[in-house]
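Structures are listed in the sections that come next.
Heads up, the next two complexes both have subunit A, just with different partners, subunit B and then subunit C.
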Partner chain A sequence: MPRKRGSKYAAFFLLPALIMLAVFVIYPVGRTAYISFFDENGTFVGLKNYSKVLTSREIIDLSGFSRGFPLGALVHNIIWIAIHLPLTIILGLSLAVLLKGVKGGSVIKSIVFLGMVMPMIVGGVMINFMFDRNLGIVNAFLGLFGFQAKSWTVYPDSALLSLIFGSVWLWTGFSVILYSAGLETIPKDYYEAAELDGAGPWKTFTKITIPLLKPITVVVATMTLLWELKIFDIVYVTTAGGPGGASNVMALQMYICAFRALDFNRAAVVAVILTLFTLLVSIPLVRSVRDDKR
Partner chain B sequence: MIKKLTFLVLLVAAMSLATTLTVIGPWAGTEMDKFVPVLNEFTKQTGIDIEYKIYRAEDLVNVLPAQFLSKKAPGDVIFMWANFIREYGKKGHIMPLGNVINSEEYLPGALNAVTVNGELYGSAYTGKVKPGFWYRKSFFSEHGLKVPTSWDEFVGLLEKLKNMPNLNAPIASGNGVGWPLSDVTEHFLATFGGPKLTYDLIEGNILWDSYTVRNGLEKLASLISKGYFGEPTEWTMALQQWWAGDYALYFMGSWITGMVDDPNDLGVFALPGAKGVVFGADYAFVPKYTKYPDEAKRLIAWLCGREGQTVQVSQGGHVATVKGIDLANYPPVDREIAKIIQGVTALPDLDDTIGGEFQTTFWDQLKLLWVSPDRLDDVINVIQEKAPRR
Partner chain C sequence: MKIRRVALNIFAWTIALIWIVPFVGVFMTTLRPLDELIHGWWNFDSFHPTLENFASAWNHPTAALKKGMVNSLIVAIPGTLIPLMIATMAGYGFSRYRFPLRKSFFILVVITLALPQQTIAIPIFQLMNSLNLIDSYLGLILLHSAWGLPWITFFMRNFFTTIPVAAEEAARIDGANDIVIFFKIILPVALPAIGSACALQFTWVWSDFFLALILIYSPNKLLITQRIPLMRGVYNVDWGLLSAAAIIVMIVPILIYLLLQRYYIKGMVGWSLK
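The block that comes next holds the complex of A and B.
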């Protein structure tokens, strides 16, 4: 009986949040999906908008595979994930492990975390400077090895990669902090037992640290994936998706459709595709954690 | 006590009834400093207060559509792209101005960009000319260089400049959103295709892969591939580098006169044979949802009329779109620029007039052309996809 009354109260207290959620999340999402099936005159067009968007060179440009960038916003997002995700995880884990228990390690972690604290718009401006011909640290470094200086973000072959590597610097702080917290939760007994059994540092790392950090890895991977899929500000500020669409991404394409072409139906299609793609890659990760818990 | 209270009530009532118009424009910094005196003059003459807010057109385009749908507007007079004014004028979100603006008082064609089916939805304020390649007179005299009078002389000048050891490249390339590169390109198109080509491209009467367009673009691409244009650099930084002598030439609009230390050291020449120069006007409109429609119309008529434009051109860096402004009102350096458009056809800005997705694509593809001139065919194809077609 008390449980039932409690659930009544729960519903009462949840109501404001549910209303907010319905108004500001569920309705806009539903409305976006709805208008993606209509043209600008409000006529139902079925999947025509989807066909138009998915066959446009802005989304997938197959000729780019023989010619070079651009390859299309969707492919660029996939490349972003393929490079950025493993680098973020490996760098984050490595730094967390290396800095654990090191004197001044927390200071270094704080410095690494600065990239996360910074607004991404500012991060984009910083990336522009980093890869600039005259001012950039990248050219200063490469110059030591005899490379000729250039503005990496203005060339089609290097624009996207510059953004990706620049964004690794901005996002790695997130994984470092999470892995550092995760490392603290692993009981010392495990390491001591492994040492007694004669396990070396590598074996300890691969057989104890990595498996026990799996839930953290899933969180890092999921959050990083979501960040990579909705990446917009860095690209908008640094290259605006150029040159020639060579660094365009899905979120930017959605913006271009909505606010430059003023075609909200096409923008809705890109938004729906992006959402489906996000679900497609994040659900398996979340499931794997749930299965582990069971 | 009662007297005090009455005074207070009256004061509050008067304050709440006072009209304050909000003007939204893109100008900040020194450009804003030159615009504010115009607004102050209006307030002085009419007693209507004005609040000025800075919004770039790129930001306004994100804000206005949603505001219009909820029947609201962030300002009473708003400066915006001509294509946006046309688009939202047609949709009924912008007040027609035919009864307050007399189009015959303006330079021929100045209001075409904001006119839809004979209905005027905006007005032209002052504008900026994009006359050609700017150079420092002191640099040219120091190196014994002359202003070219033919295409061969122009290429010869570039070759001479390219061989100078201290220059990054002969011509600075402004980067950023994309308009600096499109300004150069439009100049090449108008020079090699004639002034009519600009109008044909705006109206979609000609294809981008036609001989005429391709000819102009190939001329440009050939100069890029020979290394006569520098690597695209953020345009204000490129301006500083050009002024410091890292580049000899810089294609810019007339606003450059207000951005250099010594405007008297500035010289400018168009591509030899150019019969038209781009004259980019700033356009303003009154949203349908203004609280003060009469005052807003009065303001836009005054701003875009002779009185407002006279105050603005006297501040420097602007050229009037309304007829009948005495050249004596211009600072000396702008007077020369105002004279330039008297001898040639004043052309509308191609990408600003078309706007929308075409503009974004055009800018972006030119960035590609600047670093990969060998991909001219790709560039033309993509631009053609987004270009207007009749």
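The block that comes next holds the complex of A and C.
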């Protein structure tokens, strides 16, 4: 319980953090938003940068839908989410349930979690390795079914999808761990009562497990969405967004605009658009903090 | 029933196998000379393990990991301790005091959790440039410290709200002031939570790539993660070398995870579940 009103000690505890945040986080965010409305000479141009960026082929390239990749960085992020998010949730939940009743389940959990522990720059190397023509286990596996071996990450039509599926391998550990922690909180009597009532495993799963884990699902989905939107290292080290932009994503596009093309204003616009998405996604998180009575 | 149980176990361990095969793969690729890998690292017709690849990654002529490891430690240790101290205090402040805009400040902290690093990249680059902190570890350490504050504050505040205030009240009646109470009573109780935050923050600073990429340029100052892309040849990937480098870079966070697993998982769960 908060105990004192207007204590002078509150400043002692809070000011260092708030000052540091103000200088290195809040001010830069504001500054980025600010320069996104100006041109390189410092003239206010309103939303002109935004319309330029949003109509550029690097961000959204709808003609790619008939021609093939690239489809633009923003569309690639959305595809990433569309594939990665459902897989993360389904795999995480089913593995957590499965591993609960299996010998050595916690060892398996640790193995799956290893992907989460390594630096994502190494994660990218691992993905390249898996999809490599000669050494990749993916080709060895597909070869059993008569597929021609290739380095999946170097072709425009398969680069992005390889990275997405590779990133599932990296991130699933996160949802497994959270769902496992969530399963621990469900009282055993619920399952015993369901069994007495003659409910089968599927029915218990859909009527008890899934509804009671809904708060966990919200957290898993929020964190996973943030991760997918912020994807950078994996793409940078595997394909650098290529070939020909076929695996480019927003965070990388911002880096290219800012530190390769040295166009800070355009880069700021990309950053702001990306930030708006992350803020939208974090609404449930903010709402739960706002409603928290502590 | 028994058959089902056996089937489930086999299925689960098959999944574990799928997850661990890439690790076995890089390990085998590192240990074996190139000519043995042509038919796949899973082919064991001849097997002559060697540690040569580790040595060449460690002493690489342009991107030696030896130097990278030292550099990353120089950044990651203060980049863990500074925010841990400041954010633990802030988390305590948020959990124990009432003041105007308390909730708004806290929500602000939570919102910064969601920000991509790209959002601050340009102004940070300009700010560090004007402070003469480009290509300096001090700048990067400060930035990592600030960037780690929101989640540690959030995490510690959630931890402190679960601790009863009785002991603090008693100490206050005995005449101790709030700062003494914090250092003498609260910090010892909070050590497990601080341990969790420490493991995670260190791992994240160690693993960071983007912030280092925009601030550190000199070849001999590059952090360990920045050296990985340099190991990749231009035309041909030397997989033996790259695998060795990958293993060296990931071994530090993996060791932390294995040694502090309980704290690590608690941190991960507590950080996101509150």
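Definition applied: the second predicted complex is superposed on the first by the 270 of 294 C-alpha atoms of A that agree within 3 Å, B and C clash if a C-alpha of one lies under 4 Å from a C-alpha of the other, contacts with A are read in each partner's own complex, and residues count from 1 in each chain.
Note that in this section a contact is a pair of C-beta atoms (placed from the backbone, for glycine too) under 8 Å apart; a residue touches a chain by one contact, two chains touch by 3 or more.
The model shown is predicted, which means the values in this text are computed figures rather than measured ones.
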{"item": "Superposed partners subunit B and subunit C on subunit A - clash or fit", "value": "clash"}
{"item": "First, second, both or neither for A:P156, with subunit B first and subunit C second", "value": "first"}
{"item": "Touched partner set for A:F205, first subunit B, second subunit C, both or neither", "value": "neither"}
{"item": "First, second, both or neither for A:L262, with subunit B first and subunit C second", "value": "first"}
{"item": "Partner chain(s) touched by A:M223 [first = subunit B, second = subunit C, both, neither]", "value": "second"}
{"item": "Touching partner for A:A271 - first (subunit B), second (subunit C), both, neither", "value": "second"}
{"item": "Which of subunit B and subunit C A:P243 touches, first, second, both or neither", "value": "first"}
{"item": "Greater residue coverage of subunit A in the superposed arrangement, subunit B or subunit C", "value": "C"}
{"item": "First, second, both or neither for A:M126, with subunit B first and subunit C second", "value": "second"}
{"item": "Contacts of A:D233 with subunit B and subunit C, given as first, second, both or neither", "value": "second"}
{"item": "Against subunit B, colliding segment of subunit C, chosen among 129-137, 165-173, 201-209 or 255-263", "value": "129-137"}
{"item": "Subunit A positions touched by subunit B in one structure and by subunit C in the second", "value": "128, 259"}
{"item": "Complex interface listing, subunit A residues touching subunit B", "value": "57, 67, 128, 133, 150-151, 154-156, 240-246, 256-257, 259-263"}
{"item": "Complex contacts: residues of subunit B adjacent to subunit A", "value": "61-62, 65, 87, 175, 177-178, 231-234, 356-357, 359-360, 363-365, 367-368, 370-372, 375, 378-379, 382"}
{"item": "Complex contacts: residues of subunit C adjacent to subunit A", "value": "5, 8-9, 11-13, 15-16, 19-23, 25-26, 29, 37-38, 40-42, 86-87, 89-90, 92-100, 102-103, 105-125, 127, 142-143, 145-147, 149-150, 153, 161, 165, 177-179, 182, 203, 206-210, 213-214, 225, 228-229, 232, 237, 239, 242-243, 245-246, 249-250, 253-254, 257-258, 261, 264-265, 268-269, 272-274"}
{"item": "Residues on subunit A engaged by subunit C in the complex (per definition of touch)", "value": "1-7, 9-10, 12-14, 16-18, 20-21, 23-29, 31-32, 35, 95, 98-99, 101-105, 107-108, 110-122, 125-126, 128-130, 132, 134-135, 137, 140, 169, 174, 177-178, 181-182, 216, 219, 223, 226, 229-230, 232-233, 236-237, 250-251, 254-255, 258-259, 264, 267-268, 270-272, 274-275, 278-279, 281-282, 285-286, 288-290, 292, 294"}
